[in-house]
Amino acid sequence: MAVRVGVIGAGIMGADHARILSGSVAGAELVAVSDPDEARRKAVASAFGVERTYSDALDLIGDSGVDAVIIASPDPTHKPYALACLDAGKPVLCEKPLATSPADCLDLVRREVGIGRRLIQVGFMRRFDPGYVAMKTALDSGDLGAALIFHCVHRNKQEIGYTTSEGLIANSAVHEIDIARWLLEDEPSRAIVVAPKSSKLASVRDPQILILEMASGPVVEVEVFINAQYGYDVRGELVCERGTVALEPRSDMIVRREGFEGVRHGTDWRGRFADAYRLELQAWIDALGVGGAAGASAWDGYAATAVATAAVEALTSGAPTDIRMEPKPAFYS
Amino acid sequence: MAVRVGVIGAGIMGADHARILSGSVAGAELVAVSDPDEARRKAVASAFGVERTYSDALDLIGDSGVDAVIIASPDPTHKPYALACLDAGKPVLCEKPLATSPADCLDLVRREVGIGRRLIQVGFMRRFDPGYVAMKTALDSGDLGAALIFHCVHRNKQEIGYTTSEGLIANSAVHEIDIARWLLEDEPSRAIVVAPKSSKLASVRDPQILILEMASGPVVEVEVFINAQYGYDVRGELVCERGTVALEPRSDMIVRREGFEGVRHGTDWRGRFADAYRLELQAWIDALGVGGAAGASAWDGYAATAVATAAVEALTSGAPTDIRMEPKPAFYS
Amino acid sequence: MAVRVGVIGAGIMGADHARILSGSVAGAELVAVSDPDEARRKAVASAFGVERTYSDALDLIGDSGVDAVIIASPDPTHKPYALACLDAGKPVLCEKPLATSPADCLDLVRREVGIGRRLIQVGFMRRFDPGYVAMKTALDSGDLGAALIFHCVHRNKQEIGYTTSEGLIANSAVHEIDIARWLLEDEPSRAIVVAPKSSKLASVRDPQILILEMASGPVVEVEVFINAQYGYDVRGELVCERGTVALEPRSDMIVRREGFEGVRHGTDWRGRFADAYRLELQAWIDALGVGGAAGASAWDGYAATAVATAAVEALTSGAPTDIRMEPKPAFYS
Amino acid sequence: MAVRVGVIGAGIMGADHARILSGSVAGAELVAVSDPDEARRKAVASAFGVERTYSDALDLIGDSGVDAVIIASPDPTHKPYALACLDAGKPVLCEKPLATSPADCLDLVRREVGIGRRLIQVGFMRRFDPGYVAMKTALDSGDLGAALIFHCVHRNKQEIGYTTSEGLIANSAVHEIDIARWLLEDEPSRAIVVAPKSSKLASVRDPQILILEMASGPVVEVEVFINAQYGYDVRGELVCERGTVALEPRSDMIVRREGFEGVRHGTDWRGRFADAYRLELQAWIDALGVGGAAGASAWDGYAATAVATAAVEALTSGAPTDIRMEPKPAFYS
């Protein structure tokens, strides 16, 4: 009765999804994995007891023993694989971004609307992070009054090889863009980017401050800093009319050692969002079981990419940039 | 291929295990539930889609479609049901206590040793709490030097109906007894109980301070306070030669509201140890899959009860009490 | 040998300065107080054993038994009283603002330059707050690398009667303007103000976000929110190339009560900055003793007002505003 | 009009008192210093502009230009110098201990009672620490209900040359003995000491746990650990019927650096209790001005020594030890 899942991509993210799905999610069975790289493919298959492996993702999608698909392959492949899943009528959890341009995202949105059934979930896992969920619960309770400002900090230990100045927004801050839309249930209407002088340890414009004015009035302020050196650190504080709520560091332990008392930060996002990834996969499987959908939709995938694209323009031009989005299909309401 | 699990007891703990097992654990299937109370039994069965229900736990244990059993029925039933599981050769996760006296625990230990295979896991879930696990990892790394003192705080919001003064040790502090044995890999040799004047809001001797001298030298100090009023709060600090490590409150959110900035405490242990219960069940299922065993053994169940019994004697007599335990069978090493 | 001090203004701030100076500062003696309001004047005189009282501040300044003067009267009086102190050759600690317009501040700057001796200290007390001092010490040590972003939060419990939208910058954020100039040893070159929708509990545009681009590259981001409801809360985090340093809440106590664990915020700035006020006065007295000067100069008073004026323009126009300041006289270097 | 103070002892504590008194206390003037060591005496005199210096403390006490005396010389000299102050009718702030045995303390108590005027203040500075004061204010408000347990941690970075196992109680935990008596307004009736195995980095029995049963019922539990390595750390949590209050680390800054987020601990008590020392001296001077007395009395000095002596006996014997004290003279009520 378990949902039989195939994972496309056996890199870091794909292997992680395979591990979590097979070891920590109820109601699912990992049955197939694909990757053009044989060694990676076999490593994941052997680690998690997967029998069917494919070099071509389209073969995995076409496998009649696969009920649902996770796409964790390189960004440019997301669109064609997601389309193939739609064509096959199979539910798909697609790692962000849904596609690399707003137009490509819209193609997927339109195809899904045409099918008339939600098959796509975009992997914005933070929506399942207990911290953000607690924040949203607090806001939705009404106890805090209206949301006014959402301060965010998104810091990575250090940049990786192929980073660009635009990538700070398109790859990193895009998480805050999605979580702000979800939390505030509102769309950004204008983006401002202020870039301080860059760290001497960065090869790109780093850090940056992104400001989003939401249509109904609140303002989102995001610091992105990918060479923060001290560790991976994501914070958020939602300032409301009658109080504020903020994320905790989510450490397991307080250490007193060598003059210090405090918590330790990890070096990447997988530790910080381990719960979020697990709960995202569980929610996806649970929703499949009842023919429903969970998490970020194809529309959310489009919106995040559209906002990020406008914000990159604001970075490049140095001027406040209006954000234009297509009208939202009634299908997603 | 999933392990087919039956749950004995459809009260608070049994229902919780049923919920977690069916909704958050990989590789398991909840197939049966038993409870003499028809309403509770049916409620759990319907909530989690369980088809087979029994009024008599022995029928559930005897069901050939049940591979493994969780005992979450009242304390005095633990021993007979665990014995029945041993007789049936079925792995069993037994909520603490394993049995209500050291002698009864020993009966189970001897039976298991006779069988020659570890079938019993005792439900000391804290061994799977990420905080305690991080603490043990830190200690085992050697970086902190030897453990010297383990300070513990165990507070409940308020007492429940059938509480006794002895129960503060036998039911509450027994968790610290187990976690200290596990963390320090050592046995307590002497117990001292100091009881301050009791809270006017308590009907029993509350709070109490339990001190355990471990055989190899460290000292464990436990405050148990079951009428703490402000919420459920479990803390621990392990003091070592070169630093200390302590549990975090494990809150999801910092709240600033009405003059306050801080975290909120829940009202009982289920929120605080939600991760621990889930990871305990996952580890149990995972161990069954490979024919192994995880968590606290029947021997640990005996030891916890033996230490608690001596500590209750120390409370009653007001004098330091030596702790005597049977020699540990090689089987458990 | 003690410095004989006269305090102009017996309102909240004047009474507070009188109390601190007479009760907690070494080397000073409070000898005179002036206020047109007889009741307030007498209350302060009697509370702190002051014999000489004046209704007219100019008489206090002219009193030959007064060595140095504190101005804590209403803002528009600061300039004429400070001028009178300069004419009398008496050191003066003038509460902020130095004067209510950049031009008026400049008049005082020029007069002081003409005298050729630093007589004016402006009451930006945060420069003496142990938190900011620790932050500056950390930055100046070089250990953190260059400063990139300075995040600030400035929240009041609730607005007072005569608040204006411009006042959030001119009266509140002006503290962050001064502390950022001092901390970063740099001048702001451009101001951006983003105003979210206002709290329904506010009668003015509240909250606001002020962004200052500093001439050498760092960016200062300030949230001002004067109807935060939960209490008075000032925070700051300095983000540098190799780490960050942030202010602590400076609470004396952690409270666990009614489901909560955390610290309490006061209702106004006097508790939060009690140490800063005391240390400011002590540094002023100490500097007088050696013929020197401490804290913010008349030039700093001018700069803060000039920057605040440009920022108010940015709020009003909704556009980024360049900040123009007069060249700094060599006298202040 | 300022109180003219002489300081006996120009070592670490004496120099610190001289610095604080001359630089941060209102209404006092440092006029004399004595120390048999000429170099130290001259160093303090020159640093703080003191003209009169003595090699013999009795000459300082006899100086008619000295109104009040601070004793900060080695412990065995406290009694004779305090007696000389009493004989001279001069108020004296005597560093703890008042004298090195209960009997010697009693001699001073009796002499002071005979004089009929409180002249002695014992230097238990923690009574002026804002953290403990906030704790006492909270308790005295009645809001928390009765006090039940007072947990204390007293850690030093590392032992100094002349440390003994008894010294952990007599020199370190004596601070907790005093603060517990003051906070709870009660006397200890029984002492238990549990000593875990000692740290390999210690030359004495370190750490130790001291338990004091107070006459009216609350229990005080103190961990003393003088080789804690990570820094100087003093903590306290007062557990009451309706909540708890605890000391904060009192750091000025949160640091995020090299994987860590937290606060820094100093290496000795002077930073941690800087405010306490300043406020202690100010309260002493203020009380002299009105002919009154502040802080710990000679009787408190006796009580602390008597309790510490009993606790040392408990350490040595390994058995709970009843604490016997002389009846308290009405003079001290």
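Lettered A, B, C and D in written order, each chain numbered from 1.
The rule is simple: contacts are C-beta pairs under 8 Å (C-beta built on N, C-alpha and C of every residue); 3 or more make two chains touch, one makes a residue touch a chain.
Predicted model, so just to flag it, every value in this text is computed and none were measured.
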Inset, instruction - With chain centres defined as mean CA positions, report which chain is farthest from subunit A. - result: D
Legend entry - Higher-contact pair (C-beta pairs counted), A-D versus B-D: B-D
Inset, instruction - Compute the distance, rounded to whole Å, between the mean C-alpha positions of subunit A and subunit B. - result: 37
Inset, instruction - Let me have the rounded angstrom distance from the C-alpha centre of subunit A over to the C-alpha centre of subunit D, please. - result: 56
Legend entry - Chain centre separation in whole Å, for subunit D relative to subunit B (CA means): 44
Legend entry - Two or more partner chains touched - positions in subunit D: 229-230, 242-244, 254-258, 263
Inset, instruction - Mind listing the subunit C positions that touch subunit A in their complex? - result: 145-146, 148-149, 151, 192, 194-201, 207, 209, 211, 213, 216-219, 221, 223, 225, 227-230, 239, 241-244
Inset, instruction - Could you pull out which subunit D residues touch subunit C in their complex? - result: 2, 21-26, 28, 130-131, 133-135, 138, 144, 242-248, 250-258, 263, 282, 286
Legend entry - Touching residues (chain side subunit B, partner subunit C) in the complex: 229-231, 233, 249, 254-265, 267
